[in-house]
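Two complexes follow with subunit A in common, the first pairing it with subunit B and the second with subunit C.
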Partner chain A sequence: MSEMQSTLPTSTIEARRRPFLGEVARRRLEAILIPLLALIIGLGLFGVFIALVGKSPEAFYYLVYRGGFGTWFSLQNTMTRTAPLLLTALCVALPAQLGLIVIGGEGAFVLGGLAAAATGTWLAGAPGVVGIAAMALAGMALGGLWIGAVGALRHYRGVNETISSLLMAYIAIALMQHFVEGPLRDPASLNKPSTPPLPGNFRIGDIPGMDVHWGFAVGVVACLVAGFVMSRTTFGFAARIAGGNARAAAVQGLPVGRLILAFTAAAGAAAGLAGVIDVAAVQGSANASLIAGYGYTGILIAFLARQNPLAIIPMALLIGGIEAAGGLVQRRMDLPDATVLVLQGILFVAILVSETLSGRLLPALGLTRKGAP
Partner chain B sequence: MTMLPLNRRRFLMAGAALGASPLLMRVSPAAAASLTAGFIYVGPRDDFGYNQSHAEGAAAIKDMAGLTITEEENVAESDAVVKTMESMIQLDGASLLFPTSFGYYKPFVVDTAKQYPDVEFRHCGGLWTPKDPKNAGSYFGYIGTAQYICGIVAGHMTKSKRLGFVAAKPIPQVLMNINAYTLGARSVDPSIKTQVIFTGDWAMPVKEAEAVNALVDQGADVLTCHVDSPKVFVQTATGRGAFVSGYHTSQAPLAPQKYLTGAEWHWATVYKMFAEKALAGQPLPNFVRGGLAEDFVKISPYGPAVTEAARKQADAVKAEVMKGGYAVIKGPLKDNKGNTVVAAGKAYPETAIELETMDYLVEGVIGSTS
Partner chain C sequence: MTTDLGIWAVPLAVLGGALRVSTPFLFVSLGECVTEKSGRINLGLEGTLVFGAMAGYGGSLLTGSPWLGVLIAGLAGVLFGLMHGAVCSLPRVNDIAVGIAMMLLGTGVAFFFGKPLIQPAAPMLPAISFGGWSDVPQLRAALEVSPLFLIGILVAVLLAFMFKRTRLGLIIRMVGDSADAARAMGYPILPVRIGATAFGGFMAGVAGAYLSLYYPGSWNEHISSGQGLIAVALVIFARWNPIACFGAALLFGGAGALGPALQSVGVTSGYYLFYAAPYILTLVILFFTSSRNRALDGAPRELSITK
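The block that comes next holds the complex of A and B.
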């Protein structure tokens, strides 16, 4: 908002030369207005869908509110579900700063979990802090290597990062299953192959006073740090230049290759850390339950947030809340679980379509001149 | 801060306990004239498979007087199931919960049971031990014997003497089914072989279809499976002209002509027992198991293609099983690598603990556990 004030014309002469809103303010305003409008339209369209199957849209909206946000229990439920999504959304949003669409965060997630479980088992007996730190480092390193490899393939061999990251996610899942069912299997896990349970002091607990594990705080901090790096450091600035036009950035002497490697590795580390947290705070061991689709939901959130690390926080809370409410919607309205998927799909399409409004919405509302830069 | 006797966490806990007390009083077993039971499924409840078998069990007790049912599907084996259980307890007033997926038990059901000592948790999978909370428990069915009888039918119906088995993972429960099915078929004709393909996970529709095609291409003409949702399996196999034998629930509606029979769960028996006891205020058993004789599992009605000879032999064996103590796994028995796994004179009825660590495929199975 401060930008809006600072760019407001100071004299009437200037006012005639410049549009009603400055360029920065216009972009900021649009960045908030357009997704908001898309969300409202998406929710409205979904209401029509609900009405068509003979249920009450009002009851649906009320249940989503109540089940996702309306009570302390619901809010904590939402935050718990949001925790892994913050980090897996970063796995999409970070490479997107360079114009790369990485959709294989699921792979880094399960490998992060596997690395954490292996490290935790190996270090059993060590102090809790050491164990948790080592698990986090191992998970981030493996996740970082995994998505970093996607970046390297892209930069050195010109391999499409979207395809390679998705395919590598399948490989990652197969690797995880192999280790969980083979070399790292706890012989006591008969019908659900798992790694041995983590030592108790390596488990991550709840935030004091809440029924939400520390992963939520870690995710929020990671998004804030990523937002800070992107908007307040030369490193982030260089990345945005390279994302705008890689060739121009290279001509300017920016290390585009190193930026790609750094951002994809950081993205993988974020998803890997989410996997570590899922093992240390939720599952207690690595097993097939890690494959819960958090990596794929992260894609949805990153796009909803228009790849802005800070906007990931509210968008992840929104999707987490819708998922938290999903159970109540199923039980009270007798709707299948797929209802929530339909809602997410409609929201996603609405956001994607709304991108075309960029640069047109405010002129249409008469807030800036048509064709304003 | 932490030195203060009344910190924020304790204050909240006290508040939660106060808030929950009317709820707990309402669900105390002695006064339970009405009861809300929650069912939690890992997949869609109309999957023609595992989840549907439980949803059918829930539907069977829906109209019991004083009983309210609340159901939730597609609940992941993560803290999602904890939240669903808590939501059912706190928002729906549920006092009896059936989290039906195997992977829910540890740590999720155990931890939640400790947190809500006045709610009863009964988990499908047979994992409860006396070290676990007393308000938790488990139930499961011996379905291997039913697979043995399906194998007898398959043994009569195969012309190529080659059966196909699409399986998820080489874990004891699945190996038991493959072995029992094969032994059933080979009791009809010892030259029959079963080829098994493991897909690696419980719901892999594309791989399941590929496995079916590969099996049919290699000459299998009667197929069965052990995956969560046999829908794609049945449709692909019957589309290729093979006979199928079902699993979890009846898939006959998908292929009325080609469906021979199937090994089905019959959870209605279990849910009815638990609900009746809970409504009457009686304590619930912690560890419940049963097979065909206890009506925990059943065999799909024979399809139109099943011959008289097949029906006769299958019915005869079923009658034996109903008497109790029948052993499918008995010596002398070799695995498919030639090692003796059960010595002559030794017999393991379905209740035998030794079967729960099964790690071999019997002679006649083409395939490997690793």
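The block that comes next holds the complex of A and C.
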């Protein structure tokens, strides 16, 4: 041991002897500093873009603040928009714990909504609690099967999960449209094909004292539970090991296959539940409005949160707030509605580029020594 | 004036559709084939395709020449490719994730600048007619072929030749199969990969221009329905072989044309399910061509997706 140490360069030994920050503290600090820096740089780059097209970046930032966060009214609007995003972001972050990039949450979302509408119509007349519980279960089951199949394809056949999940999203949307315009169509829905409206007692209401439906609370709780499972249970620990090195985990006797199936199914169940909430709290029936890109926005949020379930909550609020302010920005500044998409794209690229700083940011700032572990 | 062909109208419409619908698949998959051969995967081609559709349409509208529009779309694609290639050259940056981000960015920027282009009509690309010998109007319609389709076939042959017989092809393959070997031989890895990604971007941009300037021949926000992404999966199916990419593109074009073809003869029920045919086909093909235990035959060994 002493022989090995003597062969190390002196600077490394010094760094080992006198670390400015411990390994854990350094990682935690970086996990907050790097995404924050990426967000600031991304927002700055977007400001340059806005200035280049001849608009005022200050006005843009101010309107996003006003429309998304500045008042109690806009904050409640933001929370309502954030509700499905919390769950669709989990649909990306859960498989990511195992190193899988699943981007087809949109498919589980629309199928969850479809399953909820079908179940609700079928159970009409039942007590509200029964109806809502059955709708939630049906949506989660169908969403779970859908993304679980992506996990199974990956594990048993080696099919790339990124591509298969996106293909399955297109198939799911086609299935949803088929049922909404065919077998499950309400004959009374003329201009916009929809399933029959849900019975009133199956609708999800608002959190008392707020203008925000219960879906927001459900989403926050789901993120907290996922965070707890990942950091405080052996199940989550096993998943983190398998995500770090699947082969080593298999050698240790960890059931990698079952972990993949469980995590992808849970991911699909989360996205499916988001679809249930959208139908039961917002739309009132399944129709083409379900295809609003919540699944795709969830990908961005999960990456912004660096796949940490707890960090999803603030990131989803941030993106939900930007989307909530979109209408105001569009009207006041005469910008196209795709402006929000451009901002999201820039933030996404910025956060991915910032990954390259991990392990290098603090040494560059002089907070730890170069080469420190 | 149409001749009553009965049930034969469907295969004929599928053939014609295959020739029209396959071209974007062909261009994107050929470009992505080169990118993947160099060891990178670019899922952002879907965004590049949409941006190319917008840039091509706008270019044709402003210059009055659809071919200049195609060139502008290709050059815009190069910029997206360069951006993907450069960003992925940084350590610890995941090429699949960057592709997803570029998909969002490309689509967003295309919609942002494309808003005023939805109304005006741009000059379209011409067609070459191969059906002059026939009296059947449906057959003549089916054999109207875009010059870009023919150019695509030529590019497929040239790429196959390049990979097999030229120094450049060998360098790209080596960089994609073993970065260590390429480094040992003194070949520059990152420039080759960035160049290969830029080429992929060019091809995807041209594919987008085909969508907006030939078939379906208009610019709107629903111009692409995942062709850029299917094409990436198609390269895997084609085992990174440019000639096989051509066959796969025809197959997918045919699958994509099935829904509209059936609709044209009056089959309207289950339209959405036929619309899903290319996606289901891709998934089935991936299922049968993937394997749990070994890397895919012919896969570039540096490719993250098959590692």
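Annotations
The rule is simple: the second predicted complex is superposed on the first by the 356 of 373 C-alpha atoms of A that agree within 3 Å, B and C clash if a C-alpha of one lies under 4 Å from a C-alpha of the other, contacts with A are read in each partner's own complex, and residues count from 1 in each chain.
Everything that follows uses one rule, which is that contacts are C-beta pairs under 8 Å (C-beta built on N, C-alpha and C of every residue); 3 or more make two chains touch, one makes a residue touch a chain.
Predicted model only: the values in this text are computed from it and were never measured.
Aligning the two structures on subunit A places subunit B and subunit C in clashing positions. Of the two partner chains placed by the overlay, only subunit B lies in contact with A:283; subunit C stays clear of it. With both structures placed on the common chain, the touch criterion links A:308 to neither subunit B nor subunit C.
When the shared chain is aligned, subunit C comes close enough to touch A:156, but subunit B does not.
Of the two partner chains placed around the shared chain by superposition, neither subunit B nor subunit C is touched by A:82. Looking at the shared chain after the overlay, A:190 reaches subunit B, while subunit C stays out of its contact range.
By the document's definition of touching, of the two partners only subunit C reaches A:352; subunit B does not. Judged by the touch definition given at the top, the superposed model places A:264 against neither subunit B nor subunit C. Within the superposed three-chain arrangement, the count of touched residues of subunit A is higher for C, of the candidates subunit B and subunit C. In the superposition on chain A, A:165 contacts neither subunit B nor subunit C. After overlaying the two complexes on the shared chain, residue contacts for A:328 are found with subunit B alone; subunit C is out of touch. The intersection of subunit A residues touching subunit B with those touching subunit C, taken from the two complexes, comprises 174, 177, 181-182, 336-338. On the subunit C side of its complex with subunit A, the touching residues are 43, 47, 87, 90-94, 96-98, 100-102, 104-112, 115, 225-226, 229-230, 232-233, 236, 269-273, 275-276, 279-280, 282-283, 286-287, 290-293, 305-306. Those residues of subunit B that touch subunit A in the complex are listed here as 8-9, 12, 44, 70-80, 83-84, 86-88, 90-92, 102-103, 106-107, 125, 169, 171-173, 200-201, 356-357, 370.
Residues 67, 73, 77, 80-81, 174, 177, 181-182, 190-193, 208-209, 213, 278, 282-284, 287-289, 292-293, 323-324, 327-328, 330-331, 336-338 of subunit A are the ones touching subunit B in the complex. Considering their complex, residues 101, 103, 153, 155-160, 162-164, 166-168, 170-171, 174-175, 177-178, 181-182, 296, 299-300, 303, 336-346, 348-349, 352-353, 355-356, 358 of subunit A touch subunit C.
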